[in-house]
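We just call them A, B, C and D in the order they show up, numbering each chain from 1.
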Amino acid sequence: ESGEQRFDEIIADDSRIEPRDWMPESYRKSLVRQVSQHAHSEIIGMQPEGNWISRAPSLKRKAILMAKVQDEAGHGLYLYSAAETLGTPREDMYDQLYSGKAKYSSIFNYPARTWADVGAIGWLVDGAAIVNQVPLCRASYGPYGRAMVRICKEESFHQRQGWEILYSLSHGTQEQREMAQAAVDRFYGPALQMFGPPDGDSPNSQQSMAWNIKRFTNDELRQRFVDMIVPQVEALGLTLPDPELKWNEERGHYDFAELDWDEFFAVIKGNGPLSRQRLEHYRSARDEGAWVREAAVAYANRVSQEQDRDQAALIGA
Amino acid sequence: DEATARYALILGDDALMLSQRLGAWVSRAPELEEDVALANIALDLLGHARFLLTYAGTAWGKSEDDLAYFREEEEFRSCRLVEQENGDFGKTIARQLIFSFYQHELYSRLVDSTDATLAAIAAKALKEVDYHQDHAAQWVLRLGLGTEESSRRMQSGLDSVWSYVEELFTDVEPIAELGDVAVLPSALRESTLNRLHQVIEDAGLGVPDMSGAHGADRSGRHSEQRGFILAEMQVLARRHPGATW
Amino acid sequence: DEATARYALILGDDALMLSQRLGAWVSRAPELEEDVALANIALDLLGHARFLLTYAGTAWGKSEDDLAYFREEEEFRSCRLVEQENGDFGKTIARQLIFSFYQHELYSRLVDSTDATLAAIAAKALKEVDYHQDHAAQWVLRLGLGTEESSRRMQSGLDSVWSYVEELFTDVEPIAELGDVAVLPSALRESTLNRLHQVIEDAGLGVPDMSGAHGADRSGRHSEQRGFILAEMQVLARRHPGATW
Amino acid sequence: ESGEQRFDEIIADDSRIEPRDWMPESYRKSLVRQVSQHAHSEIIGMQPEGNWISRAPSLKRKAILMAKVQDEAGHGLYLYSAAETLGTPREDMYDQLYSGKAKYSSIFNYPARTWADVGAIGWLVDGAAIVNQVPLCRASYGPYGRAMVRICKEESFHQRQGWEILYSLSHGTQEQREMAQAAVDRFYGPALQMFGPPDGDSPNSQQSMAWNIKRFTNDELRQRFVDMIVPQVEALGLTLPDPELKWNEERGHYDFAELDWDEFFAVIKGNGPLSRQRLEHYRSARDEGAWVREAAVAYANRVSQEQDRDQAALIGA
């Protein structure tokens, strides 16, 4: 049985490909791209919320936010590890992000201007991420699927925490309430765009679905997300900024207005409000940390040489 | 009682300020693993601060947030060491080394406090500080014995904060009058310094030769940085007095 | 009237924010002469801001300090360019180049405003901005044609802020309705960009190839930095509401 | 007539030595030390007040403070120029400050913690500086004396502005008043120590006076300063933190308590509250500006080469 046959069988059985299994180069490449983009999104995603750690308005919120941003770094670690099992070293992925070649979720190129944005990011952005990611827990590539299981568990906490931030605000003072509504107004559109362009404009999706990486189309997931957040926003006592939003009895789903795809493609092209700043922040952290990483490598070499010497001495004796 | 509460403030303010400083590393660390590690330490310290401020607040009917967000600059009792700027990673690690070693010596005695709450807080914190000191000491070794540049930077980090070491061991009031409730800072001096010297020497670095910077009383003679730290930390809470979050 | 006042706020807030940013260079500049020069520019801009905010305030019975210290983050109307972090000297000079060229084009037309106060403010400011643009352009040449490193850094400074150029030329409200009182930002675009391109090319650098960053309306879509700027700027005044200084 | 004779005559006449005049090496050295220390003090002195530019509580105060700190940079420039006329390049003086070998006024190793400290620095520190500097306007070395004339004029503005800050505070709210008193309490002792150790401990003073550089002893100047500020502090409605302070009819001066000279010598030795930080701040500014200075030099060389070429072409034609 050839590797290719076995691969096709595994896919047909909807079971899992593991690192040592044969896989088509295109499958490998496509996965590396997707997993590393996902990892990069976690890394860049630390910035907008990280901005608010120092200013969180209560110590409890500060602790929750710090833990959340820390989780994002952790997710980045899982995902880079999963991608590494496909033969791409982490350094290469860092370099791609550094050089601006790699993509990450556009949503993180929007600023988090107010504390309510931290809530909106948790509720809407992490919410959209979960809708996207739950099906990925069954992705055909084993390490990716397993990483997603861990990540999804944490993301659902994050979404809940975001919702709670908004709930406190929407039940607080008039100013807090307005802050919450404004944040939802700002993040609603970009959050819906996190599922990617409309199905007609998304050529890679087909192949991804055939390989059991993706399970649903962009538009299917987007619909699922809208259906999920409408009752949640009602529970918050806030509204979504879409006058066309309404329940469609026939479809059994909410109808919603077309999104601003011009903005979406502009942001993808690097003209988001903070596209340059996010990358610069990442680069300067890398640059400033270079001497530390070099020292760690030098020290590790030194220690292993000493161990070798000790061992040689032991054997010689 | 009042004196115990004021003691808890001293411990809590140190933890709060250092946590605030470390939080600024998140997304800026030299390695992704360090983003996780530094956030972890910051989170531990914030946890200690919350216990301690909450406990202190019971004496005055105040919450942790009242104390963190609505005290003025001159009312905090943190030492100057924890308020120093992050600087580069070497300076941050130098600050971590000193503070975590001090805190370890402190908490490992405070577990025997006759105040049950302080003893319990210390016991919980001690396990975490164990990791903090290990983290710092490992990095001091790596940087001290790594490259020429890292050794230079680690040394200059130590030089940069060393003049604030002595303040940690000053028996400021009301500690002396608290007896077995508290741990006398001066009693920690020798063991902490011995352990610090050991690590610094193991890392091929030099113990800075300098006496303490003037003005070591944890009140009214704080660092120039404190005002900047609080301006940022308190801005949102103060914009909405009385709000809940 | 209200619309003129709102226009004066746009101009004044830009000057205030940039002045605040430049003030942070003092004692940190690469040469002592630059400490003097950057403080000088910051002081000029602060002067413009004071005239403009004072004038704007007359419409609402507010003082310059009411407007500077007691407006909330979302009420300022400054553009994102002036709120960008100082970065290194190259980035600061890039920001200076763009802003001073824009401001020069603007004020050299605003001197003909049918509003006598705005015309007078512009006339006074213009002489100063003359120096600001000269200062920036000279440095762009020095850095662009100096060393390899300086050319790289100057270019990366331009790249870093260029996406906020377009916002300067957006005809936000209420400018269009003000007629000859104001200068339409869009009318400044061509001449400003031409002059910028010229200097950048003379310095052997490249004009960054990028469109404007999304969200250019000078209200509600401000930079992430504004909150940090104001936290520091307003902290003392807000701690003592109603006090005089 | 030998250079030395001429030098002695000029000193005896109380007239001025100019850069091209012969002077004893010890005179030159002593002046370079004094003038460069004075310059360094202006430079380091920018830091404590510079800290408050961003937080000044009114735009008017912000403008005044910014102008003041700018003046300090300007004073530094005058003074370095005066020292350069003695044959020491500015870079050498920078290097001495950078390396920690050079001294500067210890007072700047104290923090400016509150806005009132900005007032106290203006009133007391600039006040003490004026008392010190007015006689220096007649210093025997011409360029130094002339630099001091310009500087003194500006310092007296600064002192006035500092006094006004304190006046506003002492006539403001209870909190403002307390802030002002605390600042005066903190800066009084260190300001009095700006005149240097007691005469008995100040061995260099004698020679300096013989050369008509210094005109009064440390203790004489200190007394003059105390006599000056007592009525001023009364006008402020504040007090000086010295219970022994009182008018001595017989001496025609105010008596005041011995100062804390242990603290003084500790701070001189580098154990001031911010000794390390001030130097680090200076060093990091120098380090971060190195590439800019290199570029400026490279550009200047390039331009002068081009001019040489142009000129050569002109002559050749």
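The definition used in the following text is that contacts are C-beta pairs under 8 Å (C-beta built on N, C-alpha and C of every residue); 3 or more make two chains touch, one makes a residue touch a chain.
Remember, it's a predicted structure, so these values are computed and weren't measured experimentally.
Visitor: Which pair wins on C-beta contacts, A-C or A-B?
Guide: A-B
Visitor: Indicate the whole-number Å distance between the mean C-alpha point of chain A and the mean C-alpha point of chain C.
Guide: 36
Visitor: So how far apart, in whole Å, are chain A and chain D when each is placed at the average of its C-alpha atoms?
Guide: Centres of chain A and chain D (C-alpha means) sit 56 Å apart.
Visitor: With centres defined as the mean C-alpha position, give me the chain A-chain B separation in Å.
Guide: 34
Visitor: Could you tell me the distance, in whole angstrom, between the mean C-alpha positions of chain B and chain C?
Guide: The computed centroid separation for chain B versus chain C comes out at 40 Å.
Visitor: Going by the contact rule already set, what residues in chain A reach two or more other chains?
Guide: Answer for chain A, listing residues that touch two or more other chains: 55.
Visitor: Tell me, which residues of chain B touch at least two other chains?
Guide: Residues 227, 231-232, 235 of chain B each touch two or more of the other chains.
Visitor: Is the chain-to-chain touch network here best called a line, a ring, a star, complete, or other?
Guide: Shape = other; not a path, cycle, star or full graph.
Visitor: Under the stated contact criterion, what part of chain A meets chain C in this complex?
Guide: 48, 51, 55, 111-114, 182, 263, 266-267, 269-277, 280
Visitor: Which stretch or stretches of chain C touch chain D in the complex?
Guide: Listed in rising order, the residues are 16, 20, 23-24, 26-36, 39-40, 42-43, 46-47, 49-50, 53, 64-65, 68-69, 88-89, 141-143, 145-147, 149-150, 153, 232-233, 235-237, 240, 242-245.
Visitor: Name, in rising order, each residue of chain B that touches chain D in their complex.
Guide: Counting only chain B, the residues touching chain D are 73-74, 80, 159-160, 163, 210-215, 220-224, 226-227, 231.
Visitor: Please name which positions on chain D make contact with chain C in the complex.
Guide: Where chain D meets chain C, its residues are 43, 46-47, 50, 53-63, 66-67, 69-70, 73-74, 76-77, 80, 115, 165, 168-169, 172-173, 175-176, 281, 284-285, 288-299, 302.
Visitor: What does chain C use to touch chain B in their complex?
Guide: Residues 72, 227-228, 230-232, 235, 238-239.
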